[in-house]
Amino acid sequence: MIEFKDVSLTYPNGHQGLKNVNLKIEQGEMIVVVGLSGAGKSTLIRSINQLVKPTSGELMVDGKNSLAFNERDLRKMRTDIGMIFQSYNLVRRMSVLRNVLSGALGRTSTARSIFGLFKHEDKQLALRSLDRVGIAEKAYSRADQLSGGQQQRVSIARALTQKTKVFLADEPVASLDPPTSHIVMKDLRKINREDNITMIVNLHFIDMAMEYADRIIGMRNGEVVFDGPASEVTEKTFEDIYGRPIKEDDKMSEQDEETTENETASHKEGDSA
Amino acid sequence: SDSPDTLSMGFVPSQDADELADTVQPLADRLSEELGMEVQAEVVTNYVGLVEAMGNDQVDIGFLPPLGFVQAEQLHDVEVLLKSERFGDYEYLAQFNVRADNDEIDSIEDLVNSEGLVWAYGDTSSAAGFLFPANELMDAGVEDLNSQFQHSQVGAHDTALMAVLDGDADFSTSFDDARDNLEDDYPDIKDDIKVIGYTQPIPNDTISARPGLDEDLKNQVIEAFLSFNDDDEMLEVLDSIYNWTGIAEADSADYEVVRDTYERFQEDVSLD
Amino acid sequence: MREIEITKPKKPPMYWVKLGGIVAFIIIAYSVAFTNLDLESAFRWEQASTMLQRLILGPFTDAAAIERIPELFMMMMETVAIAYAGVLAGSILAIPFAFFASRNIAKRGSIGGKGVLNGIRSFPELLFAIIFVSAVGIGPLAGVLAITINSVGMLGKLYSEVIESIDQKPLEALRASGAGKIQVIWYGVLPQVLPEFMSYALYRYEIDLRSATVLGMVGAGGLGAPLIIASRSREWEQVGMMLLIIIVVVTLVDILSRNIRKRIV
Amino acid sequence: MTPAPKMDKIPILPRRSKLNILSILAVVAGLYIAAAYLTNAAPDRIINGLPQIINFVFGNLIPPNWGYYDTVASSLLETWNIALLATTLSVIFCLPIAFLSASNVNPSSILYNAVRFFMNVLRTIPDLVLAVIFVGLVGLGAMAGVYALFFFSVGILAKLISETIESIDPDPLEAIRSTGGNTLQVIWYGVMPQVLPHYISYSLYVLEINVRASVVLGFVGAGGVGLILNQQLNFFNYGNVSLIIIMTFVVVTLIDMVSIRLRERIV
Amino acid sequence: MIEFKDVSLTYPNGHQGLKNVNLKIEQGEMIVVVGLSGAGKSTLIRSINQLVKPTSGELMVDGKNSLAFNERDLRKMRTDIGMIFQSYNLVRRMSVLRNVLSGALGRTSTARSIFGLFKHEDKQLALRSLDRVGIAEKAYSRADQLSGGQQQRVSIARALTQKTKVFLADEPVASLDPPTSHIVMKDLRKINREDNITMIVNLHFIDMAMEYADRIIGMRNGEVVFDGPASEVTEKTFEDIYGRPIKEDDKMSEQDEETTENETASHKEGDSA
């Protein structure tokens, strides 16, 4: 169980990334976080495994305040949290397979990992994860020889190889085509259902959010502005989160030439208000 | 001949002494007073650059070691003006060092009659470390230095002595008396190392002038330096900083012995 | 679950021959080294300990050494100035050399650029010193020149390696917008490499603050000659004191430069 | 079009950082002028000296004395052997030190500063002093040379590599940390692949430095090319010196080529 | 006008990125390229301004074969082609404004650009472009302090500052939220319409493709498998391009647990066939 108690985060340059966030996430939930670009979705997700450290409040993980963890505890906690990165974060010079296997490092002894002696089942799992995202044949390519979407899939495979209780995914399907996106989202939900794994996903696609989420969290300017079951979400909810009508936006596509100006302005307000 | 506005001097501290001066300022200051012109003086740790600079008219006066002077004269017609006096002598000696507990070697004769001994010395370009001892050995009957001894060139007089002390070398050659330098680190060195002989005398360091330096200026410089001999205060400075007890006029002929020795080995310095 | 097997990519045909050749060369190189060298050694701690004590404790106890602190410090300041003039010139001159020697910028021309830098580095520092002394006389200027050219040789190499390992993607973006070569360098390469350039230049500065050989050789003044002379005459207290002063100054420079870097990068 | 923001002058840098950079540049330039004045670095002196430099190169260094080839070759081999052993050792030992002195890998600022300071001290000792120390410690010979070069090289390598480590892409490290990898694993899977090309080229560069800067070996009685260089210089045999330079250049170029090839493989 | 005549491209590692592509693109068209991840969309777009160089065939730009261009001609051609990158390609250590201004380098003399003396109107344009994508207030931030979507918008602003005849956009809205995505796409179309600028966009969103494109190009495995006006596109078309039914995929979301395995396998076939 993860609980945010009045968590705030200020970046070194003074920008406030999170503002008094209060959340309670139960084991096994499937949560989708939505919000404008720059709203603080990545910041929220990354503060759970403390890749960025909140500057105030308490962040309870299984009943303990993880902000007070020492190095060891922190590492132990991270072993249980898988993460898919928005910018993939692959080691470009390493092969795809090694990148994926690095997901198993948390449960591999230092000595074994230095000589690359991963367990057979870990290797199998790595290959299976690659296969699952459809790029098993690229296992021995260097990571920087892949297309954008393929790199994203490597990042997903790495997280799958980690076998964890909590899964954080920062726009896992942004660079993927729709069929692959659906496969990945379904895989994530399957993992969530079958293994009772908590799944927190940042998504930009409203339809996908609605389709796959149990619960939706809306963010705006570092604040949580919506938090409720997907079934309760209406058009109005998204209008609140995005600070402007959604459907109208779509409708306008027929007559946009005249209105874009105003929109841009209003959009800007929404972003920086 | 030309006369510069500033007199530029380079000073190579004598390597063949146990106290090495690291400044030439006191001398330069007094000289400037005597000559009534600016004197720019720097310490240089190697004479090769200084010799080239004198040959290119970049430096007027060089305090050159005897070998450096001989080479400078040969290459660039540098002229010796003065030489230093140490404890009444215008010359010094080089010595042969052997471990005190080595009963087999007691004289230079023993070296001549030996075979395959390891000979440690600082540098082939050092008069006291190599050239004069080598000359001495050949005069005493050694035919081929390279085949009779194993050469071990170790960079400095003290290192050569340490090589003997450690048994890495059978004998070493150095200035007289290089053991003083090591006494602080090896208090028993004078008991552990014996001196089995000396070379013929080596002329002291020179004060030389670049070719083409104004004759009047040269004479002024000579006079100024010589006047230090009558100045108690300056004598004290010379003694405490440079270990000199006086300065005397010198002539190229004084260095004949160095020239001969140098020419004997000039072609054959590439020892393996 | 079914096992997944994926065939590893095949090694290129000459792979094993090449690998064998390399391994053989390495083995030969090391065995030659080990057989040709007499690697015997006997630690004689007692003998060296007097010397080390004098070197390390001497500066704090030896009155003669302590007395010289102000004088030595002034000499150090001279060295600081000489090295500064030399390294600043060298670190700027090295930049064009480095670009000419980088494969991703100069393409084939980089062979020439690398050749020039290798040439500079093959030239002994000592010989540069001699040449500059004979050209401009003894004194600090010869030291500055010698430091400048030695820095160009070293920094040019280090810089070019930094340039060769930068992120190519931003350059791609600039090229795609039709930017010229110099513009690509100015807007794509320099912002990426300047912090590293700066730290290498500072590193070189640190080297020149310590390296006495060249400065002593050319009569540049400063701490160069005294340091060499003191160690030649085994005055370890003096040597220790000089090293101590250098350490203090180098540390100060280090702190200062770290702060400057923080503000710029 | 959107109305442009009302600004007469659009600064490319914010005022504050512009002031910062300008003031730092001014200080750097001011110090340079001061240093140039102190060192009497008048441009005319350099220009007047140019003919002498050319004269020196063409009058003295050319032609090289090709007959001296044997001696140089055997000295280079001596130097090479010692340099190879010393470099190999330092290449291994510098790694832990480099990681300890990289702030993005070593979280403990006390240890970080301590190691950095220790390395600063180590680097301050001139190679010649190191040589004398080791002669005192282990006696004359190749071993003293290996030790002296080893300590000298560790100082250089640790510095260069830790700088590189501090400037790598932090994203992959983040990914490996987030899987719960410990520091060693982060190093092995996140840092090493990124610094490997630099590690290789710096190692070979230090090998090159050791081959070139082998004057030290002369001082420990281990012979080598530095010794004959000194010897030939002291006897003004510039033809021989010039052959030493040429043969050193060949070795330097070979090492450089190996370095390029190896990096090509890995980059 | 851009014309691909039998263009193929093989990557140095032997992978064939483009296979005998034949295309004719008129000035002022608005084209969307769709296809599975790894299909060769980026490769196609990047070969137009020769960031990757086709290995055979002819690529005619305004009647001349650009593959035979020398360095100078190539640069001149690139000045007229704006590009938005999938992975943003910003200089991370430089400020946002400088990154955007670098789009104006092609028309700024080398001397001026070295001293940062951009013309006032270029600076104006840069700020306006930033404003247009809604992040004018980040102008003086360092590029690596932005969120993923904000970085993508910087990349768009840079291309806008370039003022070109042809615009290549490699998944320009992948990391953006829907409202911002629509604003950007509308902006692109507006530029296309108003200034008669050719626009070639890679997109993963079928609905967006249909909404904004005049013409759609479908790619699969390096080949162009569809090329026609957006009006002619049917569901069947996408099925062809993606190698499997689209709608069915959506429907399956109710019963995915049993089928994901098979799907993944079939997807893999589709990817590497």
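Here the chain labels run A, B, C, D and E in written order, and each chain numbers its own residues starting at 1.
By our rule, a residue touches a chain if its C-beta (ideal position, glycine included) is under 8 Å from a C-beta of that chain, and two chains touch if they have at least 3 such contacts.
Keep in mind that what you see is a predicted model, and the values were worked out from it rather than measured.
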Intersection of the contact lists for chain A and chain C: D, E
D-E or B-D, whichever has more C-beta pairs in contact: B-D
Chain A and chain B, separation of their C-alpha mean positions in angstrom: 78
Rounded Å distance, chain C centre to chain E centre (Cα mean): 45
Inter-centroid spacing, chain C versus chain B (mean Cα positions, whole Å): 34
In chain B, residues with contacts to at least two other chains: 46, 48, 52, 56, 156, 166, 185
Residues of chain A touching at least two other chains: 87, 131, 136-137, 264
Interface hub residues of chain C, defined as touching at least two other chains: 44, 47, 51, 126, 130-131, 134-136, 139, 167, 195, 213, 220, 228
Residue ranges of chain E in contact with chain D within the complex: 95, 97-98, 101, 116, 118, 120, 123-124, 126-128, 131-132, 136, 140
Partner chain D, residues of chain B touching it in the complex: 46-48, 51-52, 56, 71, 75, 120, 123-125, 152-156, 159, 162-163, 166, 168-169, 185, 266, 269-270, 272
Contact set on chain C toward chain D in their complex: 29-30, 32-34, 36-45, 47-48, 51-52, 55, 78, 81-82, 84-85, 88, 103, 114-115, 118-119, 121-124, 126-127, 130-132, 134-136, 139-141, 143-145, 157-158, 161, 164-165, 167, 195-196, 199-200, 203, 206-207, 210-213, 220, 227-228, 231, 239, 243, 246-247, 250-251, 254, 260, 263-264
Residues on chain B engaged by chain C in the complex (per definition of touch): 8, 10, 13, 15, 18-23, 40, 42-46, 48-50, 52-53, 55-56, 58-59, 156, 158, 166, 181-182, 184-186
Complex contact set, residues of chain C against chain E: 167, 169-170, 172-180, 182-183, 186-188, 191-192, 195, 265
